[in-house]
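Each in structure tokens, the structures are laid out below.
First chain A sits with chain B, and in the next complex the same chain sits with chain C.
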Partner chain A sequence: MNNLFQALMDIVGEDHISNRQEELFIYSWDLGTTEPHKPDFVVSPRTTKEIQKIMELANREKIPVVPLGGGLSLAGLAVPFKGGILVDLKRMDTIIEVNEQARYALLECGVSQGQLTSYLERNHPHLTHSEPGAPPTATIAGNAAIHGQGDLSQPYGFNSDMINGLEIVLPTGEVCCFGSCSIGAGWFTQHPLPDVGLFLGWTGTTGIITKISLRLFPCKKIRGTALFVVDDEDQVPEIYYKITHTQMCEDIVAFSQTIPPYAGGLHHFTVNLAADSEKELELKQEIIFDDALGKIIQQGYGGYLGFTPGLQHPQISKTSDWRKGGGFEYVGGIMPVSQYPECYRRGKEISERHNIPYTVLGRCIGAAHAMMFSWTYAFNRSDPETIHHAREAMRETDELALELGGTIWKPGIYGQKLVMDRMDPNTLELMKKIKQLLDPNGIMNPGNWEVKS
Partner chain B sequence: MYTLKFDEQKCLRCPTHACLTKCRYMDMDKDSAGEEILRIARGEDSFVLHDCVTCYACEEYCPMNNHPFYLIVQRQEELNVPPLPRPLIRRGINMGVPFRGDPVIEELNGKALLMGAFSDHMFLIQGRLFEGLPVISSDPRKMFHYFCQLMYLHYSRISVINERLPKIINTISMHNVTEIICFHDECYGAYTSYCPAMGIDVPFKPIHLFEFLYNRLLELKDQIRDVNLRVAYQRPCSARLSPDKHHFVEDIFRLIGAEPVPRKYSGEDALCCGGAIEGQRREGSRKRALDIQRRNISDMADAGAEVCVFNCPACYHTMEHSVAQKGIKPVYMSDLCRLAIGERPARWR
Partner chain C sequence: MSLADFEYGDIIHRCFRCGYCKFPVNWMDVNNCPAYARYRMESYSCGGRLWLTRAWLMNEIQWTDHLAHILYSCTACKNCEVKCPLGINVDILNMIRAAKKEMVEQGKIPTAARDFLESIQLHGNPYRIPKSKRGVWMDEAGIERYQGQEYLYHVGCVGAYDTRAREAAKKLGRLLQKCGVSFGALGEAEPCDGNEVNHMGEEGLFEMMVEDNISLLNSLGVKKVITLSPHSYNAIKNDYPRYGGKFRILHYTQLLEKLIEANRLNPTVEMRIKVTYHDPCFLGRWNAEYDAPRSVLKSIPGVSLVEMERNRESSLCCGGGGGNFSMDLLGGSPDSPARRRVHEALATGANILAVACPKCLIILEDAVKVEGLDDKLIVKDIAEIAAESCGIM
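Showing the complex of A and B:
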């Protein structure tokens, strides 16, 4: 171990490696209910070259490697279940290029979404990115790698659909580029082959993303949120359908929660709108709320609550205030929009069974092609009983998401097993072959997506 | 349990039927106004119940002091003609439910200022004007224990008001107060207009905020410097419940050297902010609210207003951006008064 420590120190420098117990403790757990596991070392590299050397070393010594971005994904995705080297990527935080004309940004993997937002506001006010609902310290690369969504997911899909290219350090140490950059062109498109999908959704088990080219989008002068509310969950899919048909929105989120009391049993929609003028904004409001939803309002089943300038992001983390002790975790399902009513009803039942105030949210992806439906469970970090209930509720919800015909977004170990149990055997075999090809020694984030023989 | 004191005979004797002929949102002659209000008084349906935007103004217009607005709202509820869609009513009613524990009851034995459900607006009662004045409902977590409930007039829910308001009055009374300065017109209207109309006892003396500000400014008169601003006042719907206090607006402006601009939509002819209208069921409500706002703000701008003065936080939040876009500064009355005595409110730029 001492030799390994020295070897890692030679790569990243003495200020960027630690095996001190107090620091290993910090890296041993995430914010959810997953049991903590300490790594043996934490390193914080600054360059792709350093990461390459770490991977060569780890592969040679067959030591587990766990990459960590903002550490906000929950579900234990970056908990080092089998120890090894935890690679904290936050120092790789350079915004390398913003191409205003082609609307993309080339970023190092540690660039946070808050960093990119403020950089664009200052330097490229006509551009924006699909900002996730996660706190500002969440990294762009980490979010894309887990198929995150953001506040432009309604028109443009998952944030992982917004990738033009990736630079990857493979588990065996080779550095590969994917997308147009791989043939020496700019970072403006994901094509040609092979596809970046080899590294998305794999929870860091196929390599470490070191650079990402992310699509940017027009940022209009006025951006704000209109609120709409219904009291019948069965109406929600139709409203998603009607609003998406207008193609006028940047983001559509429906939510229902016990706290505060006025939200209980109701389904609020936040509908984000953007416009360059009051005229454009009014046109969009007219088309959505007067034309598309006007009849529902007149019949008294749905209510318009006005437009407020300034974006509202879904803040699932507020749920942490539902109980003393500040803990929360959620299951995100990628679900058919038609399942919103059942997701709500069954999720509420699970919450009530575990004595947790219910909090559910459905974010529209694409033209209602899917929604990310989250069931959030609050717990008290100092109360094992409530942690147990939250953990059980999460497991029941993992099963529910699959039962209702959806998939689990960024599943933890339990959810991964459920998914693999249901997976087509040939697909599972392909996953295994890919994994063996890319990571022959099984060092990458072990415990995750482990296909049993 | 509580019964609205409405006398049909007063309507029969009324020479004007001004309640409806003066309505800014419905067009009616005297005869049809008389017919409709009597129809409503007798418990029958009327287009008025469907078209009412709930601006409260008929309470002020009625020359017989006969509470036509409370009657309209009561009938809307009885005949199930809610102006708002069902989910908005449910949301609104649930919003007033306290859920974060009981308030701390401190005996004050005298005068106090009541923030009602605007405890998050404590920044508006700062400085020398409010020095030494005890405040009730200063904790946003507990503010719905002091919520006067009158907002539910917009929701056609007299029953909710009558169920909850006596409990609110009881909570306030537990502070052992003799005089209550109401931060918001709506609270003042609740205790001086609605409660007497319904026969609900109010065991303290309500004081309108503007009356308090005026008298306090008089005490600090030697510190007043003219603000030299051309001002337009946004009169809120609940001010219609206390028209006898409206003169304090002009009195204060005169005292602090603010020049009210000559407007088409002021006093009795004021337009509401539109906040209660935009979500209503009636076809075109969103656009109607927008049109009202545009006419209102254009009127301010055309008259040369530099500042739009608010008392109601709901009006402020509904109109602040539109007002600012027209180059007019939105400001609360209490902040304007603070400016006059040389203080700089936090939000003043």
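Showing the complex of A and C:
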């Protein structure tokens, strides 16, 4: 271990390595309900070259490597279950290039969502990216590594569908590029070359993304949120359908929660609109709320609550801190939109069983092709009983997501097992072969997506 | 001490570690916590410190030098409190200070912190220089002793002892004289105000100092105080009243602003400089005074004022608060906050980095030297710029 420490220190420098109890403690914890596991070392490299050397060393010594971005994925996905080297990637935070014409940004993997948002606002006000509702310290690469979604997922799909290219350090230490950059043609497209899908959604089990080319989108002068409400969950799928038909919005989220009390039992929709002029904005509002939803409003099933200009940057919501306990975790299911009512009803039951005020939310992905439906469970970090309840509720919800015909997004180890138990055996076998090919010594984020023989 | 006995034991677990506390208001990067900027490990972020404190109080980890280093590297710059979205934000620094206090009570603090406190106790300053030398600066500047004038000019330890800061202290004194302000200073009788002692968790010593200082000032009939340092200003304004010390207190930039408004200060020399201003934490975030220093600078002929991207509430701390000016737990790296900060100043195209705090003055000037920027950027106190514009050299 001493030799390993020295070897790692030679790679990253003495300020950027630790095996002291304080760092091992902090990096053993996820922010959710996952039990802590300590790494043996924490390193925070600055360059791809350093990461490459770390991987070569780890592969030679057969020691686990766990990549960490913002550490906000909440499902224990970067908890070092088998110890090893925790690689905190947040020092890799250079915005290398923004190509205004081709609308993409080339980023080092540790660039945070907040950093990119702010950079674009200040330097390229005509461009924006699909920002998740996560705290702004979440990284762009961490989000892609788990197939995240953001506030442009309605028109453009998953955030991981917005990638033009990747630079990856493989578990065996080679650096590979994917997309047009691989033939020296710049970073403007992923297709039509062979896919980068080997690294997206794999939660860091096939390599470390060191650079990422992310698609940017037009940012209109006026952006804001229209609010619409209905009291019957059965109406929600139809409303998603009608709104997406208009092709007029940037984001559609339906939510329901016990707190504040006026919101309980109701289903609010936040519909993000963008326009370059008041005229365009009015037209969009008319098309959505008069033409598409007018009937529902006239019949008294739903109400339009107005438009608020300006997009709120993501905040930790009040319900998340409901227990005044600094803890919450959620299950995200990628669900058929038609299942919103059942997701809501069954989720509410689970919450009630565990004495947690319910908070559910469905974000529309694509033209209502799917929704990310989240069931959030708050807990009090200082009360083990509430942690236990939240954990149990999460497990029941993992099962529910599958039972209702969906799949679990960024599942923790428990959910991963449920998914793999149901997976087509040939697909599973292929996953295993890919993993063996890329990571012959099984060093990458072990514990996750491990296909048993 | 157990968690149950800790003053904030009922709320310390409420930090989610979402990381908002690392950002400036506009989110431009995750480096606005100076200790996190320097070390870039989660342990050195505000959330890291709170989680580690809790783990220590719950006996999940043991006290180590490293743990003490992590806690004492907090400069109390208040960025975390401004950015934290949760209701516990108002108590974040109280929690850190209470943890330091516990370390003080157990006698387990970094050596540099112990040396600092020992020197304050022995000499009334962190420099280990005898008290008798505290008045040298005012004799050099021909400043009167305080004898019931309208204002007491409290210069503070750094302004009294540090060669560079003394220049600023003297220029301010001469400027006030030129404006006809009735003031005096205490010289070797001036006590340390204790702001750093407080933020280092030495509550007992702080209380003693404050009580002594209040009775001294009261016995001299002091009603109004001007300070050179925002750190002194903060302690006298926000902490002394709890102990019965009620003084009308002004940071010197506030007084200069008033003097300009009243036409008593008329800067006339055309300066022809491009200036960017660095907000000191104890004037800005702690006391919401962002405008007075800027208004003074703007009223000086030939000053073109440009802002760094991180300014006002978002300003990046130079790394000198909470005793770190003396302990230097954040120095020694290109990632040290002051070394990052001078590059931000340079990026504005300014040739002068203006400050309103003697600690910022020294730390940033050192950073300019270490970064080899001496020929591009000069660090000056606003008092110096104003004085020069009034022909005081």
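Simple rule for what comes next: the second predicted complex is superposed on the first by the 444 of 453 C-alpha atoms of A that agree within 3 Å, B and C clash if a C-alpha of one lies under 4 Å from a C-alpha of the other, contacts with A are read in each partner's own complex, and residues count from 1 in each chain.
Going forward, contacts are C-beta pairs under 8 Å (C-beta built on N, C-alpha and C of every residue); 3 or more make two chains touch, one makes a residue touch a chain.
From a predicted model like this one, the values you see are computed outputs, not experimental measurements.
Novice: Since both structures carry chain A, what do chain B and chain C do when superposed there: clash or fit?
Specialist: Pair status: fit.
Novice: I'd like to know which partner A:T137 touches here: chain B for first, chain C for second, both or neither.
Specialist: Second partner only, chain C.
Novice: Determine, under the contact definition given at the top, whether A:E56 touches first (chain B), second (chain C), both, or neither.
Specialist: In the superposition, A:E56 contacts neither chain B nor chain C.
Novice: Considering only the touch criterion stated at the top, classify A:L72 as touching first (chain B), second (chain C), both, or neither.
Specialist: Once the two structures are laid over each other on A, A:L72 reaches chain C alone.
Novice: Return, as a multiple of 10 degrees, the angle whose vertex is the Cα centre of chain A and whose sides reach the Cα centres of chain B and chain C.
Specialist: 70
Novice: If we overlay the two complexes on their shared chain A, which of chain B and chain C does A:Y119 touch? Say first, second, both or neither.
Specialist: After superposition on chain A, A:Y119 lies in contact with chain C alone.
Novice: Quick check on the superposed pair: does A:D15 touch chain B, chain C, both, or neither? Answer first, second, both or neither.
Specialist: After superposition on chain A, A:D15 lies in contact with chain C alone.
Novice: Applying the touch criterion given at the start, work out whether A:D88 contacts chain B, chain C, both or neither, answering first, second, both or neither.
Specialist: The answer is second: A:D88 touches chain C but not chain B.
Novice: Counting residues of chain A in contact, which comes out ahead: chain B or chain C?
Specialist: Higher number of touched chain A residues: C.
Novice: Quick one: classify A:Y27 as touching chain B (first), chain C (second), both or neither.
Specialist: The answer is second: A:Y27 touches chain C but not chain B.
Novice: Please give the least Cα distance, whole angstrom, that chain B and chain C reach in the superposed model.
Specialist: Shortest inter-chain C-alpha distance (chain B to chain C): 12 Å.
Novice: Taking the complex as given, what residues does chain C use to touch chain A?
Specialist: 11, 13-20, 22-23, 26-30, 39-43, 48, 51-52, 55, 60-62, 64, 66-67, 70, 85-87, 309, 333, 335
Novice: With touch defined as at the start, can you tell me which chain A residues reach chain C in the complex?
Specialist: Per the stated touch rule, the residues are 15-16, 18, 20-23, 25-27, 29, 31, 42, 44, 70-72, 88, 90-91, 93, 112, 114-115, 117-119, 121-122, 135-137, 313, 315-316, 320-321, 324-328, 380-382.
Novice: Enumerate the contact residues on chain B facing chain A in the complex.
Specialist: My answer: residues 82, 84-88, 90-92, 94-95, 97, 99, 275, 278-279, 281-287, 290, 318, 321, 325.
Novice: Flag every residue of chain A that touches chain B in the complex, lowest number first.
Specialist: Counting only chain A, the residues touching chain B are 229-231, 259-266, 278, 282, 285-286, 289-290, 294, 296-306, 309.
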